[in-house]
Each structure stands twice: as structure tokens, then as C-alpha cells.
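The following pair of complexes shares a single chain, chain A, combined with chain B in the former and chain C in the latter.
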Partner chain A sequence: MRSRTVQGTVAIAATASLALAACGGAGGPQSSGSSKLTDDKVVIGLLNDQSGVYKDLSGPNSAVAIQMAIDDYKAKYGDKAVAKDIEIVQADHQNKADIANSKAQEMYDRQKADVILDVPNSAAALAVATQAKNKKKLYINIGAGTTALTGASCNKYTFHWAYNTGVLARGTAGAITKAGGTRWNIVYPDYAFGQDMNKSFTKEVTAAGGTVGQSIASPFPSDNFATFITKAGEGNPKVIGSMHAGGDLINFVKQFNQSPLKGKVTLAVGLMFITDIHSLGVDQFAGTQFTDPWYWNFDAQNKAWADRFKAKTNTRPSFAHAANYSAALNYLEAVQAAGTDNADAVAAQLEGKKINDVFLRNGEVRKADHAVIHDVYLAKVKSKAPEDWDYEDIVKTIPAAEAYGAPNPACSMG
Partner chain B sequence: MSEQMTAKVDVDLAQPSILSRRNPLRYVLLLAGLAVVVMLPYWIYPPVAMDILSWGLFAISVDLLLGFTGLLSFGHAAFWGGSAYCSGLIASHFGVPFPVAVLGGALFAMLIAWPIGYLSVRRTGIYFAMVTLAFAQMLYFVANQARDLTGGENGLQGIPRSFFGIDAVENDPFYFYYAGAVMILLGILLAWRVVNSPFGRVLTAVRDNPARARALGYDVERYKITVFVISAGLAGLAGGVFAISHQFASLQELMWTTSGKVVLVTVLGGIGTLWGGLVGAGVVVTLEDYLASSGFEGIGLITGTIFVVIVLLFRHGIWGTARNVLRRYVLERRQKSRD
Partner chain C sequence: MSEFIQYTLQGLAAGGFYALSALGLAVIFGVLGVVNFSHGACYMLGAVISAVLLGELHVGFWVALVVVPILMFAFGVLMERLLVRWLLALDPLYNFLLTFGLTLVLVEAVKQRYGVSGLPYEVPAGLGGQVTVGSVNLSTYAIFACLFSVVVCVAVGLLLTKTRIGMIVRASTEAPERTRALGINVGRWVTPVFGFGIALAGLAGVLAAPTRAITAEMGSNFIIILFAVVVIGGLGSILGAVVAGFLVGLVEAYGIAYAPTYAQIVIFVLMALVVLVRPSGLFGREEVA
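Presenting the complex of A and B:
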């Protein structure tokens, strides 16, 4: 009986303190005006896959990249820094959109995150963008590729930093077709991402003067691509485009290499991360062309940053790591310029800003659709790696305007 | 496994019920449970609290089949997810208050449950599980392909949460919790009434000895279909509230892993206990929520270990074991006072 009384007392005490906290919380930000930080600190949320298939390409190492951005910001501004207390909060969305949705809500509400970064997986990213819109807090997407974020689902508080499926198509399909690979057959996984990729690749191949003979849908996910590869070899194509990602891509490439098509037909890949090459080995991918938003060994500036990253993580950064660094740093710069972490003020600072940093070259935060456009690269996988992680030759640089095209008319900022 | 479990349950129900109508302890427990439901959003993050209640009712709907009728459905995600999408679509297209949308979703779940139940109750045990799983997978692929309606991979985003223009409920998850909790509690009340009714007694008879139930003149198949449809309706109610709470319905809701998770929740809480579903949901949802922010990688490892430990050490699940301990204590005390 006594324990129940104690519980009751605790419950009442908890209620009272929470009610007080709620009142205090409601009064705080309004009275403090727009010149200060909410909760006296800036909180950066990192929401991504920390245990599943996307762990390596972004995952916990992105927190290291964000910490590097915080260190650089503090070193640059020292005592003049508007944000003196900067905190990173992390969560694992396990590649499930509903978990991403509730975690994002929790980050904004309970952990007081001022901005959420990353969120690979398009369904998860769209859910977080909706939360950002409702909560009027910032979200900078890096890991997800869907063009809907800067199209029909765009909003005032969402930015798309690193790449999108349209960029991949324009880069890879355009470049290969213009280089003489005019007859394509495309194999794509039969779900939203694959269907989008198939559509945009077909459009870009045609625009560049090529033809797509067949578009073949393969079940998703799948282990056996033999029949699809044979079918894709029909009609004497010059290029076979694989729109698969992650584990499917690795299986597809393995089986393509065992087929008689290897050496006769160019293999083009829709979306590839350096971690894919690392896991399968450079010889399996040798000669494959793809669009890479950033490569660590491109120039001295990238290399220097990658060396810092390696000193902390003992691995080389993927483009997602560099993009997380760039997004976090530019967010903090915008907070510095605005003098507040108020989302509207920071967004206004970011909009239209031209940026050149380790990740963004000729970068611009486009005001119309919040796509962060920058130069991307057509890469070719080396046949031999001179050192671990040194897998890519950069064939050419695709200028930002060409890579991103015109803003999507479907986007209207509410 | 399920046959062993149900065999255990028989013993439970054969014992004299301690929590009978005249026992004051029953009301104390019910009030304590209600108090926990009311206080939950003060202790934990309100959307997570809503998840616990939704998953609790979902597990109760499975328990209705598994514990009280002896049918292990491995396709309940079809009703949970089907209703999540349907509630979401109703809310998005017609702008009705969310309880109406959720009831619409539950109705949809019952509508699809009828043919599925009609075809699957002819089998029992593992065959029943496989047939229900097959139907659930069909629905999954339909939802994946019907992109214009469901959004495919991207799910149904930005479901509105309208509630008679009351701003607090519509926008604040804390107040929404109470509105949603009322619906969940009504669902639990319905499940409770079903179990403690002549109809529920027949279900137990069907579970324990279908041949004898048939010999006594009960149409076994019809009883099974009816409880299957009721169970689907409850799962639909839970799924609808879940979708409205998240303002989002994704393919995850229809995936077979969701069917698996709810069976896990039910077994953890205790099969054939009804209330065990809520306890199991409380444990699993809080654990997942906690581990997701903890930076620990092996979420499946932890939930898996707990599952194995519970199944090996506490065969009746968490609530089942707790109930047995309580029952023994009360019996002993009664014995003593009689001496």
C-alpha cells in the first residue's frame, strides 16, 4: 500500500514539474526575441542508418564529419561565435520510414534539434521533410536521392545538399551517350527508386541522341540476375545500364562479369558509392562509369580533408561524409550571419548563397527549389587501386548548371 | 510451438479465476492499468506512448486468435497496414475527423478479412499461418504497385489529423494521445467483451476440441471466420490510430516483419492473457525507441535475446507469469484465512 502512495506522489510531482517545464518552455523562446539561440545552444540532429545496409556509406562516421565542421567553426570564430554550445544528437532510423518519422519528430520536439542532417532512403527523407515543414525547423537532406524533395514535396525548411536521381541520369547517361554509347538497354529494380531512375535515364539518353532498346524490370530485391542480363544483351546494345543500388548492384555486377557480355558491352551504373567498390573489390567494377558528386582524391583540398577524416575514423570518406561536413559547416555559418538559430532567419541566409568549400565547387543554394547545386564528376573505376580506397579516375567535371538543369516547376514554397 | 503454448493456456483457464467479478483486486488492477494509460505521456514521449497503445491493441487482436481460438495468424500486417493506408486515404481525401477515418480503415480491414478468413480457416496450425502470410504479401505487393494511390516506396505522406477543429489535439501529440487512447480503449473493451461472453466460451471450446464443439452443434468454421473478422477489425483500429498518429503510412506497415513483430509482442506479453499484449508492446516499443537513440547497433540482437529468455524462462509471457504469481499469492492468503 505504501508503495502505491509513493508512486502516486511521484506521479503528481512529475505532472507538476512537467507542467511547470511546459509553461517555462513556452514562455522562453518568445520572450528572448530573435537575437538569441533557442535553449542557449545549437543542436544538430543526425538521423541515418547506423546498423543496416547504408551504415558504411554514411552512418556513425557522419557524426565524425559533423564534429569536424563544429571544430572548424569554433576555430574560425573563437570568442565571436554566436553558437558557443553546439551539440550533436544521433538516431538510427534502421531504414524504416516510420521510425525516421517519429525520430525526427522527437529530435525537433524533445531533443530540441535546430536542424536534422542526412536521412538516406527516399521514403524516410520525405517523411522528415514533412516533419520539418510542420515543425518549422530545418532539414538538410544528404543521403536520399529523390527529386520529389526539390519537386512536388519541396518546402521552405528543406534543403537538398548532395545529389539527386536527375543529376545521376544527366551525368552518366548524357556523358556515355555523347561518347558514342548510343544504344542502351536498361535493367532496373521494380520499385519507386528504380522506376524513377529508368525514366530519367531514358529521357537523358534520348536527349543526348541515343536510343533505349529495352527497359527491363527486375524484381526487388533479388539475388539472381542471369536471365535479365541475358535479355539485356539482346539487340546488340553498346551500353547496359544497371539502376540497382547496394546489395542488388553488387550481385548484378558480379553476374554481369561472369556473363559473355563482359568486355563487349559498356556497363553503366546509376548510383554507386565508393563503399560499394570497396566491398566488392576494384577489379569487379573496373571500367564502370558513374556519376560521383565528390571524390576524396580529386585534388589537394579534398585529399587534405580526407586525411583529417582518416586520422579520426581510419577509413576514407564517401561523398555523403563530405556533404554532411559541408552542410553542417554552412549551417553554422548561416547561424553566425543571422545571429540566431531561428529556422526562418537561417533559411533566409542560406537561400541564394554561393558557396565554394571542400564539398561544393561552384555551389549555390538555389532559392527557387532549395536544391544545392554544384559541380559533379563523371568517374571511371580504375583497374587497379594504387592504394586502399583509391578507386576512381575522374573522367570529367560536369558543371553545376548542366548537372542540375532548371528548377522543377512542380515546386512551390509554401 | 503454438500447440504447446495453447496447451499451457488450458491449464491456466482451468484454474479457478481469482479475478472474478466479486474480487476487489480486479478493480484495483483495472484502475491501476487505467492510471498507467493516463499517466503514460507524462513519463515517456507522447508519440511513443501512442505507439505502445496501438501496438498493444494490435497484439490483443492477435491474442484473440492465437490465445483464445488457437489460430496463429502470420498475416495480421495486412489488416494493420491495410487500415493504416485506408484511414490515411480517407483522412487525406475527405478531410473528416480522424476517428471517422480510423473507423473507415477498421471497416476496410474487416472487409478484406472476410474472404481471407473464409479461405484460410479451413486450415490450422502452420498451414493457417502460411495462408494468412500469403494473403498479407499479396496486399503488400498491391500497395507497392499502386503507386498513384499509396505512394509506393515513399508511402502515404502528410496525412492530415483533423479533430473537429480542436487545435491542441490536431497539432500537439500530447493531447492527441488522449483522443487516440479513447479509441484504443474502446477496442480493448470490445476484445474483453468478446472473450468474456458466451461467444468467447465457444471459441475456447473450438480451440480445445473442434470435433466436440462441432458435435455439440456449433458451426466451427463460422465461429472462426467471425473471430477472424473481429480480430482484423481491432488490428485495423490500431493500425489506423498508428497511421494518424504518425501522419504517415508506409510499406513497412504491410511487411511480413510487422506480422512477425506482433506475434513476438503477443508471446512476450503472454498468450491467452489479453492484457499481456499491452505489457509486451510496452516492453518492445520502449526498448526499440531507447535503442534507436542509444547508438547501439544490434537492436535485433537485444530484442531477440529478451525474446529467447522470456520464452525459455517464463513460458506464460510477462503478464502470464505475473498473473500466476499473483494468483498463487491470493490463493495462499485465502487458504490461511480459512485456517
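Presenting the complex of A and C:
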């Protein structure tokens, strides 16, 4: 259904751009004419998980958010807009790196995408970064957490807009430790993601003056966490950190809630999204602390945008939806400023730009590693939800510099 | 020492649940000779149906404990009538493959309908909290689930060994020709036994709902542990499934306590050792091996 709509849009856009190109000559010289654009239009590619575990977090609703950005851009510049024809193409990478790789190629080569957005899942995200580098086309990642995008795998055409695992660790581990939660025990799933999370959390807890008594590896996947939780409660910790994701996280939290540690020990979660809370209900997660890159009900500005989003989708936006909006809008602003959709020119406009918008507060597109740094938030799950999706109390705003730290020395733009 | 007792109790609590979950697998294999790979998917269906009953119809845990097994019984009857029955005469591998395929269909169907993020479920009223004795404590729900499981296992064991129905069922499978000669319609008993096994899987799913993640994939990992349980206990042996369920629960708890990384591996090491020493499992009949 959706792909058909997209096809229809492509057809209409193609016809319209032909007509525009034909009229272009008669329209008189104009500095912002469509001739400065490759293929006379700007194509934004949305490549994400449209059927699996991250569908609710980002998925098809991110196309709605990007369309909102396009509408806002057109409304702002009207006739002066450099990009008059803007088109969205989207594809499902099914969380597989090989599919992401071939879809990205298809988007850049055949669908003439000028920029690819989103791409959750770290392996898929890194595959697309390589494509962007080879094709010299822009890529703004939102959904993936890996620090390699702004580290060893960074490149001139890749930007990382919303968060990374280092931010989650600095946010959650740093803030809770400084607030008095100094003695930690960590349980992590025994595979690459869990081991990384364990390392970065341990590092941040120690840096903030705390200690990690035990780091316990659990087999992945696992159903029965009762004994893991008992073990994690030994040594009288103030905080138990769960580095699990998905089904393992839900198992862990449910069984933690049935243990005597509930209410006595702070439960900190490494990676959690508002969609996890929505699917399990607030009472299961009540009191859990985690780092959120953005929350829709944080202030009036966010709320107003969330209301617009709800009018179109009948649901509240996740941070990924807001970040897709912000990335698309700032990309179009950069095209406007550059007067062209040439990737090098647009990247030059973005680099070093300081941004305050609905998603980015005290934001800056850091030139050194293309991390888009901004304030993030330590959130605590409410015990009662006043309305659907109103699940978080923001405990603390973590300033951009503190959340992101120094640029990764492993990154060389070359 | 109190820690050791704590781990032991947690192992026993998990073991009771494993025993019930593996019971249906043992019953179906013991009576029909079918290795039902879809047992994990049926366990998942039990949990998903409970969550849907609660979320959409506000039907609580206690009702689900009765309604879900009945629904799953009907599902099992359909499965046997429409699919499994036609392959019974062939090599057991055919039904193994059939039920494996069915697992994939069921898991994908649930993903399509209910997504991948998991469904919410609450601990039933009165079963929240913990029971604490000295420095040892267990969650009330875990104790309930374990005791309930043991009661069901004993009841099923008695049903099959001490009642007339159980006698007919056993005779129908062990000596079908002779049983037929005595005027008993053997074919009539196969379908309800299969349905009964599936109902037990659904019942385990209901018990799992308050304490585990309810997702389409929840049975995919679990079925592997259940196979370890029935192989250790002896395929088809009900007593074996119960004893092995507790054994696996204990081994897992000690594994987590003293060598967390190897917690699941130790279960399969135990399985390998048992198969090496007694190929038919602890309580298996020789011909099963």
C-alpha cells in the first residue's frame, strides 16, 4: 500500500519535474533555480526496520516525520526554496546488514537518493556508512547506537544525529553514580553488544567515583533470570544495571519486580526505548532510570510538535521520529544555504553548525567526528501514566559536552 | 550456606515449571511416538492468548488457567486431525519436520498480528511479593507456579497409570492390534491424547505469562531446554520428565550461581552424560532408544 503511494509520488514528481524543467527557461534567471540540483529534485531515502523489532521505534512513521520537515521547509521558503521537488523513498532493511547494503546502493544509484536517513541496527548502519563513503553521498544515521560511526568507521559523508552507546553509558551510569548510587552490580548478555555495554558502563561508573562489584554474563537469549538477580543482589549494591535488550530485558525486569530487591535497589537499564515501556506497561518499569535522547512531553515546544505528529499518526513520537524530522529539516536548510544538493557542499554547510530545534538543544554538528552532539536526558519511568505514552519523568538534563565527551580519536575523516 | 539454600530453592522452583512444560512433550511422544517440535510454539500461543484475553477482553489469570488449555486442546485436535494423523504411519522424522514448519508459521503469524515488542501481563492479585524465611526468600508467584506444576504432573501421572482411560490409552499405543481385538476403537484415542499434550503446553504458557516476556519468539529458546529435559528423563516417560525437570532446574541454578557464563551449557553437558551412560534416559524404556 505504502510502496504504491511512493510509486505514485515518484510518478507525479517525475512528471512535475519534467514540467518544471520545461518551464525553467521561460521563468527567467533565478539563482535558486532547480538546475543546481542533481536530477532537478532532492530525494531523501529512509532506510529502516519496517517489520521487525524497531518498527515501532522508528519504522514507517519516520516517513511521516520527514514529510513534516519537507512541509515546514516549503512553508518557510516558499518560492525562494532551492529544493522545490522533494521526494521520499523508503525501504525495509529487516535488520540485516546485507539487505541494508544492497538497499543503500539501490537508493543512491537507481533511486537517486541525495541522503539516506535513520538505519537502526549497528551492523546495518556501518554497512551503509561504507556505501556513503564510496558513493560520496550523504548519510545521516539516527537509529543505531554504535560509536564506530563517529569512530573508526567515520567518514566525510556520514553524520550521527541522535545518540550512541557511549552517551547512554555516560548518561545513565554517570548520573546515577553521582546521585549517590555508587555501588553497582551489572548483568549483561554474553555477546558483542552486551560486552561493549558492560565495558562502557563499568568505565563510566568508575569515572564518576563509583565501583562495580560484579559483572555477571548471562547466556543469550535467557528466560530464567531469578538466580542471576539473586546473585546480582549479593554484596549489597545500591544499583543493579541490566544491559539486556528486547525479550531478555522484559524477562529480567519482570523477574526483578518479583524479587525482594524491588524497591530496595535502583534498577538501571542500559538500552531502553519508550516503545519498550509502551509494550509492557508503566507498572513493570516504574522507577527504572535510563538515558533518553529526547522525550515528547519534556516541554511545550516538544509537546506542540508531538501534537502535530499525533494528528497524522494517532500515536506519540519516539526520539527517533523527532530526530528524523530534525535531520531532514537541517539537511534541507543546508541545501538551501549551499544552493545545491551536491554532497560536499551540503556537508560543508552542516559541519560545525550550531542548532537549536525541536530535537536538538544546544546542538552542534561536531566537525571533528560528525557526531551531532546535544543535551540528552536522564529519565525515570512514572508509576502511573496520565495518558497513553506519557511514561517518563525527566530527572536531569545532561549537557551536550558531558553526554558526548571528547571526539573519538579513532576517527580520521581522511 | 544460606546462599546455597537460596539457589537450591530457586532451582527447584524453576524445575517444577520445566517439568510441567516438558510433560506434554513426553505424553505426546509416549503415546503417539511423535516428536512435537511445535511444543514451544504452543507454549507461546498459551501465553499470547492469556495476554490477549487480559488486554482485550479483561479476562484475568485464573480464568485463563482454565480457558486457555481448553482452547489449546481444540487447537491440538485440529492439528492432529488435519496434519499429524496423515504422517503417523511414516518415519517419525516426517512429523518432526511438519511440526517444525508449523512452528515457523505460528511464530510469524503472531509477529504479524501482535508485533515483536512483547505483550504486557501482570502478576495476578495475591501472588505478588515474596515469601521470606530467615535470609532465604522466593517470589510468591514462583512458589505457586512450582506447586501448581507438580500437582498437574502428579494428576496426569495418576490419570495414565491408575485409571481405566489411562489403561486404554497405554494399551492402544503399546499393542494396538490386540487392543483392537478386545473391541476398543484405538484411533478414537489418538486425537484426544494429542490435544491433551498441546493443552499442557498452553497451560505452561499461561503460567509463564506473569513472569516471562510474552513475545512470538518466547518458545524458540525454551523448546531446546525442554528437549534436554525429556531426553534426560527418557523420551515418553512422565516420571522421567518430572525428575529431569527438577534436575535441570537445579543444575541451571547452580550453574548461574557458580559459573554464570556456562549456565546453559551445563544443562547440555548433563544431557550428554546421561545419554552416554543410559542412552534411553534416566527413566526411558529400552525400546525408545
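Structure notes:
Just so it is clear, the second predicted complex is superposed on the first by the 379 of 414 C-alpha atoms of A that agree within 3 Å, B and C clash if a C-alpha of one lies under 4 Å from a C-alpha of the other, contacts with A are read in each partner's own complex, and residues count from 1 in each chain.
Just so it is clear, a residue touches a chain if its C-beta (ideal position, glycine included) is under 8 Å from a C-beta of that chain, and two chains touch if they have at least 3 such contacts.
Note that the structure is a prediction, hence the values are computed from the model and not measured.
Bringing the complexes onto one copy of chain A puts chain B beside chain C with no clash.
In the superposition on chain A, no contact is made by A:209 with either chain B or chain C.
When the two structures are aligned on the shared chain, A:221 is found in touch with chain C, with no touch to chain B. In the superposed pair of complexes, A:234 makes contact with chain C only, with no contact to chain B. Contact with chain B, but none with chain C, is seen for A:92 once the two complexes are overlaid on the shared chain.
Contacts of A:101 after superposition: chain B is touched, whereas chain C is not reached.
Once both structures are overlaid on their shared chain A, chain B and chain C have a minimum Cα-Cα separation of 5 Å.
Shared contact residues of chain A, touching chain B in one structure and chain C in the other: 55. Those residues of chain A that touch chain C in the complex are listed here as 52-53, 55-56, 190, 216-219, 221-224, 226-228, 230-231, 234, 246-251, 254-255, 257-260, 275-276, 278-281, 283-284.
Remark: chain A residues 11, 14-15, 18, 50-51, 55, 60, 89-94, 96-99, 101-103, 105-106, 109-110, 122-123, 126-127, 130, 134, 146, 148, 153, 191-193, 195 touch chain B in the complex.
Contact residues of chain B toward chain A in the complex are 35, 39, 42-43, 45, 47-48, 51, 144, 147, 152-155, 157-158, 173, 246-248, 250-253, 288, 291-293, 295, 297-299. Listed in rising order, the residues of chain C touching chain A in the complex are 3, 6-7, 10-11, 13-14, 115-120, 122-123, 128, 130, 132, 137, 139-142, 210-213, 215, 217-218, 221-222, 225, 252-253, 256-257, 260-261, 263-265.
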